[in-house]
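Next up, some structures in C-alpha cells.
Two complexes, one shared chain (chain A), two partners (chain B, chain C).
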Partner chain A sequence: MRTAYPIPQNLSPETVNNTASLLRIVALILISGAAIASRLFAVINFESIIHEFDPWFNFRATKVLASEGFYEFWNWFDPTAWYPLGRVVGGTIYPGLMATSGVIYNVLHALHLPVDIRNICVLLAPGFSAFTAWSTYMFTKELKDESAGLLAAAFIGIVPGYISRSVAGSYDNEAIAIFLLMFTFFCWIKALKSGSVLFSTVAGVFYFYMVAAWGGYVFITNMIPLHALVLLLMGRFSSRLYVAYSSWYAIGTLASMQVPFVGFQPVKTSEHMAALGVFGLLQIVAFAQLVRAHVSSKQFQSLLYYAVVATGLLGAIAFALLTYKGWIAPWTGRFYSLWDTGYAKKYIPIIASVSEHQPTAWPAFFMDLQFLIFLFPAGVALCFRQLRDEHVFVIIYAVMASYFAGVMVRLMLTLTPVVCVSSAVALSALLDTYIDPQEPLEDQEESKERTKAPDASNGATTHQDSTPVSPAMPKKGKKAAATAASSSSATKTQTTSSTVTFILDALSSSSTKKSSSSKPRGIFGFDARLAVILNTIGMLLFFVYHCTWVTSTAYSSPSVVLASSNSDGSQHIIDDFREAYYWLRQNTEKDAVVMSWWDYGYQIAGFADRATLVDNNTWNNTHIATVGKAMSSSEEVAYPILRKHDVDYVLVIFGGLLGYSGDDINKFLWMVRIAQGVWPDEIQEANYFTPNGEYRVDNQASNTMKNSLMYKMSFYRYPDLFGGGQATDRVRQQSIPSPGPTLDILDEAYTTENWIVRIYQVKKDDFLGRDHKTANAFAQGKRRRKAKPPVRRKALLA
Partner chain B sequence: MFLSSFLLLSLIALVAASPHQQIADLAAKSKGVVRLDADTFDLITAPKRNWSVSIQLTALDPKRRCAPCREFDSSWNAVADAWNRVPKDSRDHHFFATLDFDNNGHSVFQKLGLSSAPVVFVYPPTDGPRAAASGKTSPSKYDFPNGFEPRPLAEYISKHTPVPIPYKDPINWGRYITFAASAVSFALVLKYVAPILQSRWTWAIGTIVTCLVMTSGFMFTRIRNSPYTGGNGNWIAGGFQNQFGQEVQVVAFIYGLLSLAFLMQILVIPYQTSPTRQRLQVYLWTAVIVIVYSIIVSLFRVKNRGYPFRLFL
Partner chain C sequence: MAPKAGQPAAAANSPLQTLWKAYTDTTPDRLKFIDSFLLFLMLSGVIQFVYCILVTDFPFNAFLAGFSSTVGQFVLSASLRSQVNPDNKEEFKEVSPERAFADFALGSIVLHFFVYNFLG
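Up next is the complex of A and B:
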C-alpha cells in the first residue's frame, strides 16, 4: 500500500482506539471550555448582571422559588404586575428554567457552597451550552461518525447564532431549551434506530422537560410526527418506528399535560393535532400489518386495505369537523403568523411590534453562521447519499428550520443546530477524503478512461438495471454534470465527458453501495491534500475570529448598561437605567404604581420593586392599549386614565440627547397602532404624521403629535438644556422648537444623567377643585382670560 | 289617468320636500352608488342629517392617470353593491357616494383641502336616533390600513351603518378551476413523472434550492415587499437589516456555488483516475472556494460597515 505521507506501522489497533477515545474526551472538554469561556465577555466587560427584559422576570421568579420553596412559587400570585389585575404567575409561565436553577441552588447549598442565586442565574446559559455541545456531538455521531460529531460540537459551541441567546446573564428559556431540543432529537433518533423503549421513554421525558421550559416545544411536537409521516410515506414503516413513536407520544404528551400552562392544549389545539393524527395513523397501519400477517385471503386483504384508507379518511374528516365546531382551537396567532406572514401585522400588532419577530435579511444569516451557511446545503446533499432514517430527519429539519428562520429573526436559534450538524457532516467528509493517507493505484490510466468515456450512456443503463431506486437518475446526473461543467472555467470543457462518468459512478455507488467499477479511488499526491486541508484550516481559523468578534461586540451587551468609548478609546459606561430604577426604589412609596411602555415592565418590577401597569408578558391587549392610549392622547384625555389606574409615576425612555435609538419616541407608532386597535375612533395613526406622511418631532410635527403625552414627556424642558441654541434630537436629527412643551398634569420627578430615563409624578387632584391647567396658570401668575360669551359668537356667525 | 298623475304630482312634491327621500331616490336610480357633484355633495353632507353617508373622493378620468383610484373603485363598488342588497328600510339610512374630481368636484376637493385621491370619508348622522351620543358630527377618514381590499373596507364602514354590510368575498372560481385542472393533469402525468418524483436527487435538488433561497433572505423580501433593485443600477440595499430582491439571487448563487465546490471536492474528485487531471481539479475548486468566499465576505462588508475582517478582496 502506498501512502501519501509516512504513517507509523507498529501500532496495535487497541492503542489506536484508546488514543482516539482519549483524544475525543479531551477535545470535548476543550470544546466545553471554549463554549463557556466565549460566553463570558459580558461578565468581563461589564459585570455579573442579568440582561435585557425577560430575564429580569425569570430572575425575580427564581428568587421567589429559591427563598420560599417550590409550592409557594407554584401558587404565587403577583399583585404588582398588571396593576390592578395582578398575575397568577405559577399558571402562566414555563417553570423549567426556574426549577433548574432552583435545583442547582439547593444542591450547591446542600454541599455547603453558598453561591448567590444571581450568579447561578447569570452562569446558567454558558453552563448549558457545554451540554448542548455534548448532545450535538451525540446527535451527529448517529448521523456520520465521531469526528463529524466533534466538529459539530465545536461549531455549536462558538457559533454566534446560538451565543446570541445564551451569553452569561441572558437568563432566558432558550438558555436551556436548545440543549433539551438537541437531546430530545438525539434520543428520538436513537430510539428509532434501535426500536428501544428505553430511549423513546428518555425522549418523552426530555420532551416533557422541554415543554416545561420553552414555548418553542411546539417545534418538536411537529418535527417528530412529520419525520414519522415522511418515513411512512417513503414506505419505511417498521416496528421500530411504531415502538419509538408510540412510546414517545404517550409518555411525552401525558407528561407535558402536567405543566399548568400547557394543560389540555395537547388534545385541544391545532398545533398539537399533527402529533395526535400521526399517532392514530401509525396505530391503523400497525393494525393492518398485523392482520395481513395472519390472514392470507386476497379478497380479505384488499378489503382490509380499503378499510384502513376509509378509517384514515374518517379520522381526517372528524378532525376537520371538530376544528370547525370549535372543539379544537385553531392555530394561535403567534404560530399562525409563521404561515400567513401578513397576518400578525393586520390583526396582532403586539406580536408584529417585537423586533425579534421581524423577518431575517441575509446579512443576519451570515453574521450568525458565517461559513457554515454555505457548507450547510452541501451537508444536506450528503445526507441524501445514504438516506437512512436519521438523514431524513436532518433533511426535514433543514427545510423547516430555514423557512422559519427566514420568517422570524428569533427562530435563527432553531436553525443553528441543524446548520452546525450538517456542515460538520460535509466538512468531516471533506477531511476524511483528503487526510486519508492511502494513495490510489495509478493503474490503467488514460487508456482505460478513454474507452470508458464514450460509453457513459451504456454504463448508465447497466446501472439502471441494478439500482432499484431510480431509473431517472442518469438524466439527473447528466444535468448536474452539465451545470458543474458550465460553472467551472473553460479549461474543464475537455474533461466534461469523463466528469459525467465520474458523477454517475459517484451517484450510483451511493445507492447501490459499491458497484464494482466505481469505488472511490482517493487522492494522488501530497500537495493536493495539503491545498485542501490548508484551505479548510484557514476557513476554520477565520470562523473562530469571526465568532469571537461578533460575540464580543454584538451579543455581549446587557442592554441595561450601555457602553460607549471615550475619545482616548477607553470604555465609558452609561448606567442611566439602573440610576433611574434605584431612584424609584429609594424615593417612592412602597406601593407606588409606575406606568411605562410594556418593554420596561419586568425591569421596573425587578430593579425598582414597584407595581407596573403592563409588562413583557403581553397577555392582555386591552390593558396595553390603555397605556398606549394614555401615552398618545392629550393631557386632558390622559389624566382620567392615569388617575383611574392609580398611577403615581410615569416613566419614559428618551434617547434624543445621547442618540440612543431604542427610545420611546421610536416605539411610539406601535403604541398608537395598538391603541387604535381598541379605540379606532379616538386614536388614529394618520394624525401623528405630517400632512406629507412623515414622522417628525420638530416644528412641522402634527398637532396631535405635539399634544400627545409621550411627546410632551420626552421633550419637556429639553430646549432649556441648549441655552439659547437650537435644541437637536440626536436620534431623529431634527431640531426641537424652542419654547418646549408644557405639562400641567405631571411634575418632573427625576431625569437621569444622560436623560435616557425621565420619571414624572402624576399630580393629585387640585385642593381647590380647579383643573390643573387653570391651577398652573394661576401659579404662574397669568390672569385668567375672560371667555367671550358664546351667545355673541353665534350672533356673529349668523 | 287623472288619479295617477295626481299621485305622481304629489309624489314629486313629497320628494322636493324631503332631501332624505331625494337622496334615497338618487341612490335607487344609480344602483347603490350616488354620483355626486358639488351641489349634491352639499345636499348629502347637509349639517342636519338623520342618515349617514360614506363618500369616495376620486379621480377616475384616464387623463388623471390615477391607477390606485381605479384599483380602489372596484372594491368600493363591490362593497356598495353588497349594501344595496340589504332590506330597504335599513338601506336608506346609509348611502354610498362617489365624487369624481372631473365631475364638477374640484371645489369640494379644494374645500376639504385634499391634494390626493382616492380618499374615503364617512359622515355620521347628526340628527335622529342614530346620532352619535358624543355629539360627533365631523366625518372620519378611512386611511386604507390594509390596502385597497374590499373586506377591511366593508368591516370599517359597517361600524357606521345601521346593520353590518353583508359583504362576502366573491368566490374565486378561477383559482378553484386552476387547482382542479392542475390536480387532474398531475394525476394524468403521474405515471410518467413518477420515476422523477421517486428519485432522491429530485428531492435533493428541491431541498437544497429551498434552503439556499430561504437563507438568502427570500422571506424578507416577500414580507417587506422589497423592490427588486434600488434603481439607477444600485442593487445592494444599504443597512444591515435591509435587502433588495436581487440580493437574494446573488447571495443564493454564491452560496450554491460554494456548496457545489465542496461537493465536487468530496464526491467527484476522489473518483478521478488520472493524477494530473485530479490535481488540476483540486486546485481549481480550491481557488473557486477562496475567491468566491472572498466575494461574499466583501459583500458582507458593504452591508455591515463595521466588519473588521477581509479576505483577498
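Up next is the complex of A and C:
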C-alpha cells in the first residue's frame, strides 16, 4: 500500500489505541482548560462579582440556600420583592441552578475548603462549560467518530455564542442548562441507538434536572417528540424507538412535575401536548406492529392501518377540542410570540421591551459563530447523506434552532451547540479525506510499476498510444494509461511472449471497466493535501483568534461597573451603581421601599437589600404598569400612587452627563406603553412626542413629557451643573431648557458622582395639610425674606 | 399482549380468532407472563381514570402519581417485553435479556421514587 507520506509500520493495534485514547484525554483536558480560561476575562480585568440583573436574584436565593439550608430555601417567602404582595420564591423559580451551587458549596465545605458562596456562583458557569464541552464530545461521537467529537468539543469550548451567556460572573440558568441540554440529547441518542432502558432512564433524570434548571426545557420536550414523529413518518419505527421514547416520556414527565414552578403544566398546557400525542401514537403503532407479527392477512393489515390513522386523527381532534374548551391551556405569550413575531409588540409590550427578544441581525451570526456558520449547512448536508436515526435528529434540531435563533437574539444560545456539532462533522469529514495517507488504488499500482522496472514504463507508453480509450477521454487518459501500464507490466513479468492483441484486449477491457464502474476517487499527491490542510488550520487559528477577541471585548464586561479608557489608555472605572446601592444600604431605614423601573429590581434587592416594588421577574404586569404610570404621569397623579404603595425612595438612572445610553429616559417609552396597556385613557404614548412625532427632551418637548415625573427626576438641577451655560444631554444630544424642572413631591436624596443614579425621597404629607405645590411655593417665598421658618418647621416635624 | 376486544369490529370474527390463536400458539410463556402483568396494569389504569372522571380528581397530584405509575410501569414492562422477545434479537444487539431485566428494575425504581415523591 502506498501512502502520501510515511507512516510508521510495525505498531501493534494496542499501542495505537492506547496512544489515541491518551491523546483524546489530553485534548479534552486542554479543551476544558481553554473553555474555563477564556471565560475569566471579566474576573481578571475587573473583580469577581455577579454581572447583569437576573443573576443577582439567583445569587440572593443561593445565599439563602447556603446559609439556611434547603428546606428554608424551598419554602422561602420573600416579603421584600413586589413590595405589597411579596413573592413565593420556592414556587416561582427553577431551583436547579441554586441547588447545584448549594451542593457544590456543601461538598467543598465538607472537604474543608471553605470557599465563599459568591465565588462558587461566579465560577459555576466556566466550570460547567467544561462539562458542556465533554457532553458535546460524547454527542458528536455518537454521530460520527471521536475525532469529530473532539472538534465539536473544541468549538463549543470557545465559541462566543455560548460564552456570551456563560462568562464568569454570569450566574444565570443558561450556565448549567446547555450542559444539561447536550447531555439529555446524548442520552436520548444513545437510548435510541441501543434500545436500552438504562439510557432513557438517565435521559429522563437529566431531563428532570434540565426542567429544574431552565425554562428552555420546553425545547427538549418538543424536540424529542418531533424526532420520534419524523422517524415514524419516515417508516423507521423500531422497537428501540418505542423503548427509548416511552420510558423517557413516562419517567421524564412524572419527574418534571416535581418542580413546583412547573406543576401540572406537562398535562395541562399546549407546549407539552406534542410529547403526549407522540407517546399515544407510539403505543398505537407498537400495538399494531405486534398484531401484524401474529397475523398475515393482507386485508387485516390494511384495516389495522386505517385503525392506526383513525385513532391518530381522533387523538388530534381530542386535543384540539380540549384546547378549545379550555381544559388545556393555550400557548403562553412568550412561546406564541415565537410563531407570530408581531404578537408581543402588539399585545404584550413587556415581552417586546426586552432587548434580547428582538430578531437577530446577520452580523450577529458571524460575530457569535464565525466560520462555523458557513460550515453548519455543509454538516447538515453530510447528515443527509448518511441519514441514520441520530442524523435525522441533528437535521431537525438544526432547522428548528435556526428558525428560533432568527426570531430571537437570545435563542442563539440553543443554536450554538448544533452549529458546533454539525460544523465539526463537516470539518472532520474534510480532514478525514485530506489527512488519510492512503493514495487511491491506481496510484498504488503505478508506484509498484515504478519501483519494479524502468523499462516497463517504456512499454507502457508505447501501449498507451495504441490504447483506443485514451484519446476519447483526455482527462482520464493519464490514469487509464497508468492502469494500462501496471497491468501490462504485471503481464509482462509473467509471460513475456504473449501476443500483442491479447494484451490490447486485456488493456481495453480493464481500462474501460476502471473508468466506467469504479472511477479513481481520492486525493493524489502530498501537495493537494497540504494545501487544503493548511487552509483548514488557518481557518481554525483565525477562529480561535476571533473567539478570544470577541470574548474579551464584547462579552466580558460586568454591567454593574462601567469601564471607559482615559486618553492615555488606562482604564477608568465608573462605579456609580454600587455607590448608589451602598448609599441606600447604609443610609436608609431597614424597611424602606424603593421604587424603580423593573430592570433594577434584582440589583436593588441584591446590593442595597431594600424592598422593591417591581423586579425582573415580570409576573405581575399590572404592578409594573403602576410603576410605569407613576413614572410617566405628573406629580399630582404620581404622588397618591407613591403614597399608597408606601414608597420611600425613587431611583432613576440618568446617563445624560456621561453618555450612558441605557438610562431611564431611553426606556421611558416602554414605561409609557406598558402603562398605556392598563390605563389607556390616562396615559397615551402620542402625548409624549412633539407635534412632529419626535421624541425630544429639549424645549420642544411636549408638555406631558416635561411634566412627567421621570423627566423631572432625570433633569432636576441638571442645568445648574453647567453654570448658566448650555446644558447638553450627551445621550440625546439635545440641550435642556435652562430653568430646570422643579420637584414638589420629592426631595433629592442622593446623586452619584457621575449623575448616573439619582435617588429621591418621597415627601411626607404636609404638616399643615396643604398640597405640596403650595407648600413648596410658600416655603420658597418665605426663604427669600427670612431663614427662620425652615428651622421651626424642622422642630415641628421632630 | 391481550387482544383489544372491540377494535376491528368490521373485520368479523375470524381475524380476531386467528389473532388469538396465533398469539396463544406462538408466544413463549415468559412473554405471556409479562402480558398478563400488562393487562393488570391496563385495568388498574382504566379503573383509576374512570374514578377520576366519575368521582373526583381532587388531589390531582395523587391521581397523576397513581395513573402515571401504572402508565410508566406499563411502558417499562412493554419495553422489557420487546427487549426479551426472541424475535427482536437482531434489533437489540447490545441488550441481553439479563441486562434488559436490570434496566427494567432500575427504570421502575426511578419511576416509583418519583411516584412516591409526587403522591405527597
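Here is the rule we go by: the second predicted complex is superposed on the first by the 698 of 798 C-alpha atoms of A that agree within 3 Å, B and C clash if a C-alpha of one lies under 4 Å from a C-alpha of the other, contacts with A are read in each partner's own complex, and residues count from 1 in each chain.
Everything below uses one rule, namely that contacts are C-beta pairs under 8 Å (C-beta built on N, C-alpha and C of every residue); 3 or more make two chains touch, one makes a residue touch a chain.
Because the structure is a prediction, the values reported are computed rather than measured.
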First (chain B), second (chain C), both or neither touched by A:N535: first
Touching partner for A:V295 - first (chain B), second (chain C), both, neither: second
Chain B versus chain C as contact partner of A:A426, first or second or both or neither: first
More chain A residues in contact [chain B versus chain C]: B
Complex contact set, residues of chain B against chain A: 136, 140-141, 143, 145-146, 159, 195-196, 198-205, 207-208, 210-212, 214-220, 222-224, 240-243, 247-248, 251, 254-260, 262-275, 277-286, 288-290, 293, 296, 300, 303-304, 306, 308-309, 311
Chain A-touching residues of chain C, taken from the complex the two chains share: 1, 3-4, 7-8, 10-11, 15, 18-19, 22-23, 26, 60-61, 64-65, 68-69, 71-72, 75-76, 78-80, 82-83, 85, 87-88, 91-92, 94-95, 99-100, 102-104, 106-107, 110-111, 114-115, 117-118
Footprint of chain C on chain A - complex, ascending: 194-198, 200-201, 204-205, 208, 238-240, 242-243, 246-247, 249-251, 253-255, 257-258, 264, 267, 286-287, 290-291, 293-295, 297, 299-300, 303-304, 307
Of all residues in chain A, those that touch chain B in their complex: 341-342, 346, 358-367, 371, 373-378, 380-382, 384-385, 387, 395, 398-399, 402-403, 405-407, 415, 426, 429-430, 433-434, 440, 442-446, 448-449, 469-473, 476-477, 480, 483-484, 487-489, 491-492, 495, 498-499, 502-503, 505-507, 511, 518, 520-525, 527-528, 531-532, 535, 539, 542, 545-546, 549, 553, 680-681, 684-686
